[in-house]
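Notes follow once the structure below has been shown.
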Amino acid sequence: MPELAMDDIFARGRDVLASQPFSVLLGTELLVLEAGRAELRIPIREELAQQHGFVHGGVLSYAADNALTFAGGTALGPAVVTSEFKINYVRPAIGESIVARAVVVHAGRNQAVCRCDVFVFRDGQEILCATAQGTIAVRQG
Amino acid sequence: MPELAMDDIFARGRDVLASQPFSVLLGTELLVLEAGRAELRIPIREELAQQHGFVHGGVLSYAADNALTFAGGTALGPAVVTSEFKINYVRPAIGESIVARAVVVHAGRNQAVCRCDVFVFRDGQEILCATAQGTIAVRQG
Amino acid sequence: MPELAMDDIFARGRDVLASQPFSVLLGTELLVLEAGRAELRIPIREELAQQHGFVHGGVLSYAADNALTFAGGTALGPAVVTSEFKINYVRPAIGESIVARAVVVHAGRNQAVCRCDVFVFRDGQEILCATAQGTIAVRQG
Amino acid sequence: MPELAMDDIFARGRDVLASQPFSVLLGTELLVLEAGRAELRIPIREELAQQHGFVHGGVLSYAADNALTFAGGTALGPAVVTSEFKINYVRPAIGESIVARAVVVHAGRNQAVCRCDVFVFRDGQEILCATAQGTIAVRQG
């Protein structure tokens, strides 16, 4: 396969995101997609909250999962899935938007280990609210 | 605090779930909540899919996270949060509904370690699609 | 490859363990190895302690890692490695021996997801001190 | 408690390490211990190998666990334990020594989330062989 130019990688990533109904439901936007790196944003709205008004942990874990997969895909190609990940929540997420930033830590032929920090933007500040690590794998079959 | 009868635990859990806008958005139902055990169901609909038509991994991780927290809450009381968890995806989720079943493995005073299996129901069969393990903690402050 | 009889699986596992110098250093014994299941024991001695006299967490994580790999190997064949795992420590390990019991939760062609409970034996009782979950993969190349 | 000067933190850390019989058995040395950061080294010798001659994964997980705890201790005080961690192995460890470098990602009052990269040193190069993330907690009771 011919190498994709940067713009193509980003455009293709945006198309993949737009073809995920769950990402559309959550309002996820692709901010960055380039070799070894992906960044997603989710505007915070009331529907994403848990019972105390913070963003639900499930939104943060979705954001981490998806950003890890997009980052891994820049190393492994577009046909990838998340094999596994772990996430630590470190602060309640209250603010205007969630940004998940993932990087590839190591890529082999069939899988990549990636990390992701999830931030909340509030009053012009970015605040770490979760951090994740996981394995992205080339889709079988 | 006086001990809650089983029915009260379940009723309270249902109220907590109904007060989570994100759980309402996803259509999550509480099936079981009793000492050391929680079970949640999410009817599958197109909005929950990723680009290949399977349920998005973020829905499974949300289901695991929430079931872990509900199970942990039966041991620690209602004011709990997920500290961290890890999830392994083992099969694509295609079917009619997702069921997440969590149990408490060990509970101390301030935190509980729980496990959760996530199944998809398809044509009358239940099929494991993910498995998770994590820590639930009493909410600080 | 012809199917191995149970006794052969156990005998082969014992040989693998004996060929791991680190397992010999720690004194690890194979108790059980059969389809989908492995059990290892480590007699506790002072050299395995941390500063408070408990068994060092690193011994428990080694035991979990190795038991996960042995269990995974019963599903995938002997040429396997641990890709990743997570462990939660739930109680200090004080007693006569450590036993790590791993089971296969799901096995595909190239990898298996396994779980492991680590117990300490003390005064005739077995007490859970850690629990782990991880991915075992067929060795590449 | 009066603040410890940097030299005191390092000296105290070296004493803790020397008081862990398992760390003495493995030959672990403290290279760095300062606010938010710890670095441990383990000279590789045959006793630490698995059956293919690589350093056993259990040695890497021990190194990660211990480095995470030391890093967390710089934020939380010396009476800390590892609550949980996950580790991804990315390359076989073959070389002269293992170095585990941990940093604090977020510290609260009672627990800290830390990350650790584990390198092998070979022929003057440092090569990432594992990466870990976990929770360090103040010891209860």
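Here are some notes:
We just call them A, B, C and D in the order they show up, numbering each chain from 1.
To be clear about the criterion, a residue touches a chain if its C-beta (ideal position, glycine included) is under 8 Å from a C-beta of that chain, and two chains touch if they have at least 3 such contacts.
Since the model is a prediction, treat every value here as computed from it, not as a measurement.
With centres defined by CA atoms alone, the chain at the far end from chain C is A. Interface note: chain A and chain D, two copies of one sequence, contact each other through mostly matching residue numbers (shared numbers exceed half of all numbers used). Centre-to-centre, using mean CA coordinates, chain C is 22 Å away from chain D.
For the pair chain A and chain D, the distance between mean C-alpha positions equals 28 Å.
Between the Cα centres of chain A and chain C there is a gap of 33 Å. With touch defined as above, residues shared between interfaces to two or more other chains in chain D number as follows: 83-84, 86, 88, 108, 113, 135.
Remark: chain B residues 16, 19-26, 46-51, 55-59, 61-63, 65-66, 69, 81-89 touch chain A in the complex. Listed in rising order, the residues of chain C touching chain A in the complex are 83-84, 86, 108-111, 113, 135, 140. Partner chain A is touched in their complex by these residues of chain D: 86, 88, 90-91, 105-106, 108, 113, 115, 128, 131-133, 135.
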